[in-house]
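Common to both upcoming complexes is subunit A, partnered first by subunit B, then by subunit C.
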Partner chain A sequence: MDNKIICRCEDLTEEEIRQEIRQGARTLDELKRLTRTGMGPCQGKTCRPMIMRILAEETGVRLEDMVTPTVRQPLVPITLGDLAHEEN
Partner chain B sequence: MEKTEILIIGGGPAGLEAAIHAAGLGAEVTLIERDPFLGGQLTKQTHMFFGSYEQFAGVRGVDIAEKLKKEIEENPKIKVLLNAAVAGIYPDGVVTVSQKNKFLKFKPNRIIVATGAYEKMLPFPNNDLPGICGAGGVQTLMNLYGVLPGQEIVMVGAGNIGLIVSYQLLQAGAKIKAILEASPNIGGYLVHAAKIRRMGVPILTSHSVKEAYGKDFVEGVVVHQLDEKWAPVPGTEERMSCDVLCLAVGLSPLSEILWQAGCEMKWIPELGGHVAVRDEDLLTTVSGLYIAGDVAGVEEASAAMVEGKLAGMAAAESLGYSVEGLLEKKDSARSELAELRAGHSGDKIRGGIDRVERLTRGKVTC
Partner chain C sequence: MKKTAEVVVIGGGVSGAAIAYNLAKRGCKDVVVLEKEYLSSGATGRCGAGVRQQWGTEMNLRLSMGSMRMFERMNEELEYRGDIELTQTGYLLVAYNERQWEQFGKNVELQHQFGLDVRKLKPREAREVVPCLNIDGLVGATYCPTDGFCNPFHVTQAYAEAAERLGVEIETFTTVTGIERNNGGISGVVTDKGKISAPIVVDAAGGWSQEIAMMAGLELPVYSERHQVMITEPVDPLFAPMVMSFQHGFYTQQTPHGSIIIGMGEKDLPHDTDVRASWQFLHKMSKLITWVLPPLEKAKVVRQWAGMYNMTPDKTPILGAHPDLEGFHMALGYSGHGFMIAPMVGVLLAESILGLPASLPMDKLDVGRFQRGELFVEPSVV
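Let's turn to the complex of A and B:
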């Protein structure tokens, strides 16, 4: 029964994350590109700590050595309307 | 482009104190808060604080928030933006802010990041059933909106948040079936744990959630015992019915802005995750960027407020502002922090901070 949800935004289970790692994903960035984890509304705030632990278990990489994905703007969802109304 | 001398990101305990103290030195401050109100976690803390007189001992968190808010509203040097979230920080020092129907750009001289922390989640089967929620969420529902999330609660985590929220749930009339704690020891203050034990709530150490069950919402949880290596002990499974499973399993610092700004970050589990390397003024490795509160390392709100004071004074000082006895005031804030982190319960925090603090003027002895 695979219903341990790791990434709530993208509805990803622990088993799905482990499968990707077993098929060769080695970094948080690769997992992000393959599964969209961390790309939903919470931007990885909930899933990141759990995914780091899974990745450490599967690959042996220590948490302190783990490379984290680049944090890009915008940090919060912005409407196109707000951008269009920007002054200056 | 909006101009401000010091931009403070986050209007919780750390940000409020930072604003008051930076403005107290004469600096012009803009305080940005994502919520429609100031106060952060203080607004749901109905319990009285410990510590000293300076740290509002004996005052309820929610009353501390009111007091600080009033000071801020009365200070013409502080501008407050509510419903405003930082959208990004750019290499030229520009900070973009998304506020209801507005997109603002700031070019501050100094930045204090006081964004706080985010609740951790646990992976176990059926962890997405409605009724499973974080302790912060439960506290928001109950203490801010007056909604009791359920009648029969199983709490996970016997740290201070798990213990305090359990007590508040009891006060609100809910039944706590048990508090589960994976480690062999209660993590929170014994005075909180004793209060709950006196009310007949079992605190099961070395116990964890195996899985939750329920059809459309959580109906119960299977708990199991853990051995000294944190492995489940077969045959110890026990079913507990509940309508809320509340997770109080720690917080991680909300450090996205710091990553984006290019701060040197370190993984310090004792402080909740990735935190920025800082000096004794809470200045990060990025020039002009300070940190305070849980984003600098997850601690109690009391420590967050003192860090806010220190970062606020330091940021204003770096702009050339001063008051009489500033050095002593900063030293006294550092002594307050040392006091809050003293003793056995502060071992982890002190160990974590030792690994991430780069002292430029030698260690403060107090």
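Let's turn to the complex of A and C:
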């Protein structure tokens, strides 16, 4: 068992990511939805390169061919109060 | 990919997966599910994840209450390796005018007839359920403690894996490009990866269901519109139930994970399949939600997204066979509440396709109702 933490926001280990790929996940989007990797405060900025490397090792898909999840605002977490008080 | 099948299900959302599982469970195992991206990549995986039973019509009450019973034992029934994360922390529906409050009263009467535990609360009592609720202008609220939250990705995955164990084939990243007909019936489905001959097709394509129907030469009275959602980082427990207002069209719930989901139905949206997220939504939504639940001011938004509601003229789904094309079955037009009734829809569609006795009469939800002018008016939709 490899217990290295890969996704710090959601506390996911390398082994958990590899398990999910062995169960059939083939894309970053599937891994995100099944394990929550990339859904935390960093939105994948920390973990994504590592997850992509693991996915490449497990599936043989080249990094440059990998489809990445859609990047949307906000780029950094922002409080609802700041959003509510800011003028359009 | 198989060259022939008994049934081809188009759409790898919760509906398609639940229908495939229920077909296989009843012995019809020669089934293929076609999904153009990955499982729950469409409306299912983009929904607000709420499961409620507080509806205003008998049909929706029976669909949602029956589905809740199934969610409650789903991990065991589907022998899921994960967890569908059902948490029954209730739904609090808030009324801001007398007319709405009167409607809530009628709904509660009907709900009680069906044995649903739901209570009418005065504003002060509503604040006992959600202590941080701003009760300015609130007339009353109804609260059902057994409504709640469930994880749409895992429910879909659980159905899909159980279906596969029974022999169903699931083809992801496979796009349907055509439907072939012969003498009044269906002969097959064409995809970008080849053709499958099949006499029965189920259109469970969510936001694209009208496009699939068009491939079979059928025009459906449905359209898709974009609805947006945002989510905060996980915070300490702040409120338990889903809080929902039909007046403002918003809903918000703290998930078991601690993050708070906030969504809203906007007016006058374009009828298309656009799922881009907008800044305007973040502004509008944050102004409204910090007024309703002031402590949310301090919560940080980490992500926003959008998904499609597949809308029918009466905001109630179309279920069952199409009268003009033998072998074409529909599970579509959920109008924003497909996830929470999917377990029952899976059972009903399988029964209808296989000609088995129906667990509940769904003929009122046929596509013919729009031509007959027998609209099914559900008073409780965001």
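Observations, loosely collected:
As a convention for this text, the second predicted complex is superposed on the first by the 85 of 88 C-alpha atoms of A that agree within 3 Å, B and C clash if a C-alpha of one lies under 4 Å from a C-alpha of the other, contacts with A are read in each partner's own complex, and residues count from 1 in each chain.
Convention: a contact is a pair of C-beta atoms (placed from the backbone, for glycine too) under 8 Å apart; a residue touches a chain by one contact, two chains touch by 3 or more.
On a predicted model such as this, the values are computed, not experimentally measured, just so you know.
Per the definitions stated earlier, placing subunit B and subunit C onto a shared subunit A by superposition produces no clash, and the two fit side by side.
In the superposed model, A:56 lies in contact with neither subunit B nor subunit C.
Residue contacts after overlaying the shared chain place A:29 against subunit C, while subunit B stays out of touching range. After overlaying the two complexes on the shared chain, residue contacts for A:43 are found with subunit B and with subunit C alike.
Between subunit B and subunit C, the partner in contact with more residues of subunit A is B. With chain A used for the fit, subunit A forms the apex of an angle whose arms reach the C-alpha centres of subunit B and subunit C; rounded to a multiple of 10, it measures 140°. In the superposition on chain A, A:73 makes contact with both subunit B and subunit C. After superposing the two complexes on their shared chain, the closest approach between C-alpha atoms of subunit B and subunit C is 7 Å. In the three-chain superposition model, subunit A touches both subunit B and subunit C at residues 43, 70, 72-74, 78, 81, 83, 86, 88.
Subunit B meets subunit A in the complex at residues 1, 85-90, 96, 98, 101-103, 105, 118-128, 252, 254, 256-257, 259-260, 266-267, 269, 273-274. On the subunit A side of its complex with subunit B, the touching residues are 1, 3-6, 8, 14, 43, 45-50, 63-64, 66, 68, 70-76, 78, 81-83, 85-86, 88.
Those residues of subunit C that touch subunit A in the complex are listed here as 37-41, 45, 81-82, 153-154, 157, 172, 232-233, 257, 277, 279-280, 282-283, 286-287, 289-290, 296-305. Partner subunit C is touched in their complex by these residues of subunit A: 23, 26-27, 29-30, 33-34, 36, 39-41, 43, 70, 72-74, 77-81, 83-84, 86, 88.
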